[in-house]
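Read the structure below first, then the notes.
Chain lettering (A, B, C and D) follows the sequence in which the chains are written, and residue indices restart at 1 in each chain.
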Amino acid sequence: MELINIKVIYFAVLRDLAKKKEELLSVDSGTTPQSLYDMLQEKYSFPDQNTYKVAINDNFTEWNEPLDQQDIIVFMPPVTGG
Amino acid sequence: MELINIKVIYFAVLRDLAKKKEELLSVDSGTTPQSLYDMLQEKYSFPDQNTYKVAINDNFTEWNEPLDQQDIIVFMPPVTGG
Amino acid sequence: MNHFIISEDEINIVEFNKQFKNPNAGAISSFQGIVRNNNLGKDVLRLEYQSYDRLAEKEGGNIINEALETFDIKSAYCTHRTGTLEIGDIAVVVIVLAGHRDDSFKACRYIIDEVKLRVPIWKKEIYQNGDSGWLKGAG
Amino acid sequence: MNHFIISEDEINIVEFNKQFKNPNAGAISSFQGIVRNNNLGKDVLRLEYQSYDRLAEKEGGNIINEALETFDIKSAYCTHRTGTLEIGDIAVVVIVLAGHRDDSFKACRYIIDEVKLRVPIWKKEIYQNGDSGWLKGAG
């Protein structure tokens, strides 16, 4: 299977658990935000993402959207600004 | 009939029509804000007071409240602050 | 300190804000009423406000106290100008400090609404064309 | 000019106010979210805000535009801090200029409510006792 290069940026509790702001990953070309999160959840003990949102390249997107080469992915816990 | 000395203070359109800020008057002891206004309306061509309020000695009061010696009366058109 | 003030002096919103600090307050709602250059289709040059000062401060203080009793807020303040005001001048300012935003908004709105209904202050508009007149009010 | 800004710099409410003058605006509603010394029964020492800046400014801009379309207002602005904030610091400020007060209040409330729901910013509380934690949010 073909591999694609992506970047994941971490914020808030995910940054604390991953102990990094971002990382470059090579993943299978069929990877979605959902399957990526499942993999990272196992790696870093991330919380369940039921209430999370996800963005690809600075746009909110769906969890089953296939990732492309060079995509930047951000997983977002419920926001708490203000 | 006994006379009492009162002061009337004018604001807004009433001040413009009376051409004074205030005046001292001697009126019959049975005078009420209503009868006082009627008299002043004739003297200065004041508007009808249907929507006006009245205060005696810095307290809102009724139009049929009898006036006392030294009372200070203020007639108030609908307010337009803000 | 009276929390409702009638003043002939220009309202300095910066200084006004500085006075009100409270480490328990997470929300500050404020409202400023500004002299506009138009009203009801007429070009306004400036305004003149007259106030029955003593009753205005008493009734304004009642309104502040009602807000403190009705809403979960820490404190509330209102200042209203009198005299001659130019376009862009602040005619009235309300500031409310609360723990949370919902009550800060509601109390701020309550205060300005009641001030405009109940506090004996009157506004004369002086128009570009030389005319002028006392506004009629809602009554 | 983007009307929703994420900034690491201290929000100067005075300078922020000065930027917004409009001779048609008779009403200015504003809201400030302030760092409180307590939350949910815990003594707060300071806060740390993180923001996904690019999406935050985009989504914040959407909210401002929605307010401009929905309410009869002249303009609206919002700035949100990131980084370390101390008690009493302004975390977020919203300012809305309108012809009349009703829409200024409604738009101001709309903007702060939507910002708190939708803009990707996260808050960590550092407590007096040394503990700290990211808030859980409404989700």
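In this text, a residue touches a chain if its C-beta (ideal position, glycine included) is under 8 Å from a C-beta of that chain, and two chains touch if they have at least 3 such contacts.
Every value quoted in this text rests on a predicted model; they were computed, and no experiment measured them.
Path length between chain A and chain D in the touching-chain graph (shortest route): 1.
The centroid of the Cα atoms in chain A and the matching centroid in chain C are 50 Å apart. With each centre defined as the average position of its C-alpha atoms, the distance from chain B to chain C rounds to 27 Å. For this pair, chain A with chain B, the centres built from the Cα atoms lie 75 Å apart. Chain C has residues 33, 101, 112 in contact with two or more other chains. Within chain A, residues 82 each touch two or more of the remaining chains. Interfaces, counted as pairs of touching chains, are A-D, B-C, C-D.
Chain A meets chain D in the complex at residues 9, 11-13, 15-16, 51-53, 55, 58-60, 74, 76-82. Of all residues in chain D, only 13-14, 17, 21, 23-38, 87-88, 99, 101, 104-105, 108-109, 112 touch chain C in the complex they form. Partner chain B is touched in their complex by these residues of chain C: 33, 49-52, 54-56, 58, 80, 91-92, 112, 115-124, 134-139.
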